[in-house]
Amino acid sequence: MLRRILFLGFLAMLLLAMVAGAWAAAPDPTGAATLKADPGKAVDYVWVLVCGFLVMFMQAGFACVESGFCRAKNVTNLMTKNLLDFVVGSLAFWAVGFGIIMGTDWGGLIGSSKFFLAGDSYDVETYLSFFWQLVFAATAATIVSGAVAERLKFKAYLVYSAVICLFIYPVYAHWVWGSGWLSKLPFGLGHLDFAGSGVVHAVGGFVGLAGAIVLGPRYGKFGKDGKPRAIPGHSISLAALGTFILWFGWFGFNPGSTFSAHQLRISVIAVNTTMCAASASLTALLLVLGKTGKYDLGMALNGALAGLVAVTAPCAWISSWAAVVIGIVAGFLVVGGVYFLEALKIDDPVGAVSVHGFNGVWGLLAVGIFADGTYGNYATKAPFVEGLLFGGAGAGQFMAQLIGAVVVIAWAFGCGLILFKVLDAVLGVRVDPHEELQGLDIVEHGTPGYPEFYITRS
Amino acid sequence: MKEIRAIVRLEKVRDILDALEDSGHPGVSVERIEGHGRQTGLVEQFRGREFKVDLLPKARLNIVCADEEVDKLVNTIVDNAKTGAIGDGKIFVYPVENALRIRTGEVGQEAI
Amino acid sequence: MLRRILFLGFLAMLLLAMVAGAWAAAPDPTGAATLKADPGKAVDYVWVLVCGFLVMFMQAGFACVESGFCRAKNVTNLMTKNLLDFVVGSLAFWAVGFGIIMGTDWGGLIGSSKFFLAGDSYDVETYLSFFWQLVFAATAATIVSGAVAERLKFKAYLVYSAVICLFIYPVYAHWVWGSGWLSKLPFGLGHLDFAGSGVVHAVGGFVGLAGAIVLGPRYGKFGKDGKPRAIPGHSISLAALGTFILWFGWFGFNPGSTFSAHQLRISVIAVNTTMCAASASLTALLLVLGKTGKYDLGMALNGALAGLVAVTAPCAWISSWAAVVIGIVAGFLVVGGVYFLEALKIDDPVGAVSVHGFNGVWGLLAVGIFADGTYGNYATKAPFVEGLLFGGAGAGQFMAQLIGAVVVIAWAFGCGLILFKVLDAVLGVRVDPHEELQGLDIVEHGTPGYPEFYITRS
Amino acid sequence: MLRRILFLGFLAMLLLAMVAGAWAAAPDPTGAATLKADPGKAVDYVWVLVCGFLVMFMQAGFACVESGFCRAKNVTNLMTKNLLDFVVGSLAFWAVGFGIIMGTDWGGLIGSSKFFLAGDSYDVETYLSFFWQLVFAATAATIVSGAVAERLKFKAYLVYSAVICLFIYPVYAHWVWGSGWLSKLPFGLGHLDFAGSGVVHAVGGFVGLAGAIVLGPRYGKFGKDGKPRAIPGHSISLAALGTFILWFGWFGFNPGSTFSAHQLRISVIAVNTTMCAASASLTALLLVLGKTGKYDLGMALNGALAGLVAVTAPCAWISSWAAVVIGIVAGFLVVGGVYFLEALKIDDPVGAVSVHGFNGVWGLLAVGIFADGTYGNYATKAPFVEGLLFGGAGAGQFMAQLIGAVVVIAWAFGCGLILFKVLDAVLGVRVDPHEELQGLDIVEHGTPGYPEFYITRS
Amino acid sequence: MKEIRAIVRLEKVRDILDALEDSGHPGVSVERIEGHGRQTGLVEQFRGREFKVDLLPKARLNIVCADEEVDKLVNTIVDNAKTGAIGDGKIFVYPVENALRIRTGEVGQEAI
Amino acid sequence: MKEIRAIVRLEKVRDILDALEDSGHPGVSVERIEGHGRQTGLVEQFRGREFKVDLLPKARLNIVCADEEVDKLVNTIVDNAKTGAIGDGKIFVYPVENALRIRTGEVGQEAI
């Protein structure tokens, strides 16, 4: 059934695209005119594309972190999810999603053109924008797989991947980045999110939270007494490698979000990104050290990612000391978040909600606090972005950030809840208890992750 | 002295060990083995090609105990290992001639 | 023996290079003059080098995919092969290969200068070109190690690595990219291969096919009844990570092949690359799902790579819907190819022939079908490249592509067959059956891949 | 105790930074003025940042190589060290280290401003320079973790990480790169080290040597008869992947060290980097082949890295044949170095001293021998750098290189010895024998690297 | 009841299992062990340094069977495990006192 | 014929094997097991959450030998396995009915 639907959908999409393509009256598909108009575009394209490649590479990072933090019996499943969300997400985003973000605005709510990159979209600028938005959308999509790991049916995940890239992510992204209503809030400069603490990470994190809640905890996560139990990941080296890859990729994510190499502020963004990750990671390490007396690598890795998420929104509007402070708070938040969710009996196997959800929101607020008034919104000119600690406009900006934060939580969590509930009713979202015990690799994919190694599966 | 060797499902080990803890907490050794009996294996696939795996992963618990403990321990294991489906496993009992605790040098019953 | 020959050859090469270097009358070794002549070169250099770095990183991707898809007992061997083909290939390509591609043309057949980068070659433009061609040659070389995995003697592989980078690859590359005869075919714009579906991938794939045939299947690949048996790879996570790395590296491979940042079409190429990989991967997944009812990650990974290979030739001459269509065909081809080779009792452990060989050829043909006439050959000006579906010149272009496809198959398969047959006569290409059973790691390298892990070797 | 100190130190740093930040009279935090003054800066920033990202990614490479070459029971420990040296190092370097390198020179010995990037440092140029210097400092820091692997207490490592980035590295880097006394030696053009064979690698290598000596060999490294025993690493695939990542990252390290995309010589640097690594790797492979008759991957990997280290200083002043020759020597040095240290009963688990220490020094000397007089010091104009083989200035330059080599050994080894001795007196540097046997993962971190796999720990 | 424990080359397991399938398809447990007997190990190397590994990987097959089955099964194993070279392995036979099938509760002969 | 099975600390295996080499170099099989006796496990943690692991990794050495060799071998093992701390392990002795060397077909004493 699902197969047939998928396949037909896939073909239908194509037909539409070809039809649409037939009208194509391409404005500048070779880029010659664009370059002539602005020779500086060459370096901008190089910058944006290279940064986009780095963001795409974050898919590898997520795949490694999530697999490493889960059990060997679900590795194939996690890898397949991490590949297929990019695959299905790309097709969905191409067909519809991009048009919703960047198409002609319709009432501040939704974009409504550029579907299938057809017609006028055959243009170097549009393709560049598409590529950039695509790798961002795919990042949001892939975050969720961590929160729902080790128990979500694969076919439900396929549908989920399409829906987030078709609709959930693009709509919210349109509000903030597609000149939608949030960007026009009458406070400060409107809601601001430089590289997507909210648009990408909080969306991913809160959809993930909804998924984790609908699914319920993994078998064995909470003891008969209700106490949370640790379920250690199968490969710390894989998780650590994944975190390094993510950190590396984030240098595309944040500095690349200038969408121009002519804003030399990119050096400041790179430094802020590093400093915030560092201080968050150290804070998380020290907090767990205080609690258990051991140097907990898992939490230090989560901490680094938390810092990266938190600095994503403010990275272009602050200087290094603020990045360090934001990181310290991020470290507290991620550690606290992990324990807090466990206390609520919510099972988030890799810490995705704490890292991306809570810290995504923190990043939005941090803009309203720490933005220091030296930099505009993707511009070096006034009006400058100011937070609470700097000048009079701060209160307004903080208000805009707060509203955006509330909206992103409501939108992502709400859509996520509806999506997973509907999926549950239609397909069932959770694998059989017996299959969960055996591991999803064999049941869903037929392929164990490490067939030659002796593994204690439990 | 006897040795009980119980071949059980991997996912039951935790429960069995917990139950054993309540019936006297004997010393136990656990091994990871693969085997088949009535249960005939499963189909896996790799890059589009299916294949049959006829050895399935199991755990084996070994407990050396006094003769009179055998029944109680076997029952505990059975109660906690049983699902009723094929592949539940088997228990074998063997004679043991002697035992020695390396740390203290105690032998026989004392050492178990 | 071999050692001594290798060492002497190595020294001889050097002496030659130093002598040659003595004549050096370097045109522009610092680049100051080149920059003065065209200040835009700075961004071109950045673009080409960064893309070249990404292509070099594909070596890591191949190493991971091949190791992950093979058994633990041959991991050290595969890693050594993947390292040494780059190492030996670089030296061979430096000594001779580059000169054959890019040296003064001799009858449309072969280049004949710039050996050892000596004399006039001490020039920033030449070095740039060398670096780019080198990482491409090394990619062709490394493809083969997958097809001949788990049974080829290491010393035969060392010789093979030298020969493909000295001769097999450079000659064909000269025909297409070094203004050789294929580029001058009197059909369409001559045979075209934007980034090397044919030059790199089909060459690698068909040399690999020859190797796989000469070697014969691995012990146990076909049952006593002649039926193919699966030999699962030891680490799905390694294979998946490798595929992500390759995908990432392909963003250097394809967009970088403009060899200029001033062709803003690079954004279109990046998008096409992504879309084709995505649709091929999904197609492969769905095809196997239809057959076995499971979501096969191995084939989805192969599918993504197949799409990347297929789009490599046409990527600069099409728009996104064509990329999606090319990907669907690639998905069918890779799945069909894997079953087809097995039916012929040819053992290609990682699917290299289906991915790189068959889809490389498909990519060449796709140029002749889908090229949409908006873009020239590495130029934004006319004459434009047109395929069958677009305008009158299409039939000619398709013919040029067909000829190139036939030639690449004949050349690569022919040379490969001769090479491996000669190697077999001289050194023996296949390890002892006993050694094959034990695994090549200990026999050839003395170093097991995972000495501390319990592994069921068979 | 340590925790509290760490935490307080951390907070104190921050307060200082905030206070300092308050004075901030930022010269050009947006970069608008800088760009206006020189529009070519856009491409330079792109180049330097992208190269810097690649250098940062080398952290992943080091993590993988070191973990792969050590035992499974210490994987979590090695990964934590590799993460935390970057984390702690970044904070330390931000607070103090950068100011020591690049701050106002004080008697040729030390820099003395720009601490915490405060005040005037809020400037795109300063941040760019900081980012670049930071990733270099972190590389020096992370080298040491290999030499002291599997036996150093984690808290000692934390302190070490801070000290090397606060003081040891910055002071020496100031002497060479911060217009300190070594750069002004009255021989040749003063001591030259293009990308840091000495500043980064030799510093890391010799501090590592000091650490390895103070710690003594791992339990079991030398038999009762005093003969060295092999302690094989747990994952050859991880080590190989790490080496590929390092090689990839080195393309940032060396070509990026022009700190400008307007020196087209970057293409030459990229080629030299590749050729030297290739010839060193092949040489190391052949040497061990001659000794044991097997193709030793571990040594070939070490060899590639040795070549990369050796070419780091001379890469911009030589042509390709010299790179190949330097690589051959590097191959001999790394193999000889490994056996030599073992003969001295020094235990360097991953070969860090031979790779980075000995070859770092060789790289410095190679400048004085092979520099061919076509390129200036980070400039395309005269005065040109000339080595012994080229023209009269060679002897002077060689002398300058020799002095620098002696100084770096003395400084790094001396500081390292004092640091580890003091740490030993205060905290104890070595874990208990019992803990060493059990592995550091559980004792120090509570988290085994591969909890589900059957591992023969010994 | 007896238990046959056959220590064999890893690469022979497949053939032995296939042959056993033809001689009555008894239940089997397979374990991965390391050992040495006459066979003295091999030389490995790591980063240029050689070392001797004296324990080599082997598989052990355990089969509990009725007394009268022992000879037949042992012969089947020997026929399929033998290469004639050092390292072929050994077979040991042990007494077993009882057996129990967890799923059904059957004991003794019935349970094998 | 007897079989000695010694459960010992992993880190002691090397020493025991070396000592056995001096006392007649008997054939040995080594297995990796997990177990608990008096020793009660240790605390690990993962992403900030602690948990108790009650099965600890051990090695088991199996030696089939002639009846009269048992004491000597057991003593050798004890001498080299002992640390005096909890977790040193245990030795069990079992009856063996027969042995066979696959390569030659020798049976009984000859085959050990």
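By letter and in written order, the chains are A, B, C, D, E and F; residue numbering begins at 1 in each of them.
Assume contacts are C-beta pairs under 8 Å (C-beta built on N, C-alpha and C of every residue); 3 or more make two chains touch, one makes a residue touch a chain.
Everything numeric here is computed off the predicted structure, so don't read it as measured data.
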{"item": "Co-neighbours of subunit E and subunit C - touch as defined", "value": "B, D"}
{"item": "Partner chains that subunit C and subunit F have in common", "value": "A, B, D, E"}
{"item": "Matching chain pair for C-E (criterion: over half of the contact pairs shared, by residue number), options D-F, B-C or A-F", "value": "D-F"}
{"item": "Centre-to-centre distance between subunit E and subunit D (centres being mean Cα positions), rounded to whole Å", "value": "52"}
{"item": "Intercentroid distance (Cα basis), subunit D paired with subunit A, Å", "value": "33"}
{"item": "Between subunit B and subunit A, distance of the C-alpha-averaged centres to the nearest whole Å", "value": "46"}
{"item": "Residue list for subunit F, restricted to those that touch at least two other chains", "value": "31-32, 44-46, 50, 94-95"}
{"item": "Sites on subunit A at which at least two other chains make contact", "value": "43, 46, 50, 232-233, 235, 292, 294, 296, 298, 445-448, 450-451, 453-457"}
{"item": "Pairwise chain contacts, counting only pairs that touch as defined", "value": "A-B, A-C, A-D, A-F, B-C, B-E, B-F, C-D, C-E, D-E, D-F, E-F"}
{"item": "Residue ranges of subunit D touching subunit C (in the complex, touch as defined)", "value": "40, 43-44, 46-47, 50, 54, 71-72, 232-237, 240-241, 243-245, 247-248, 251-252, 255, 261-268, 270-271, 274-275, 277-279, 281-283, 285-286, 289-290, 292, 294-298, 300-301, 304, 319-321, 324-325, 328, 374-375, 380-381, 450, 453-457"}
{"item": "Contact set on subunit B toward subunit E in their complex", "value": "2, 6-8, 31, 33-38, 54-55, 58, 60, 74, 77-78, 81-95"}
{"item": "Contacting residues of subunit F [partner subunit D, same complex]", "value": "10-11, 13-14, 32, 42-46, 50, 57, 59"}
{"item": "Subunit F-facing residues of subunit A, complex", "value": "69, 228-233, 288, 291-292, 294, 296, 298-299, 302, 335, 338-339, 342, 351"}
{"item": "List of subunit E residues in touch with subunit D within their complex", "value": "44-51"}
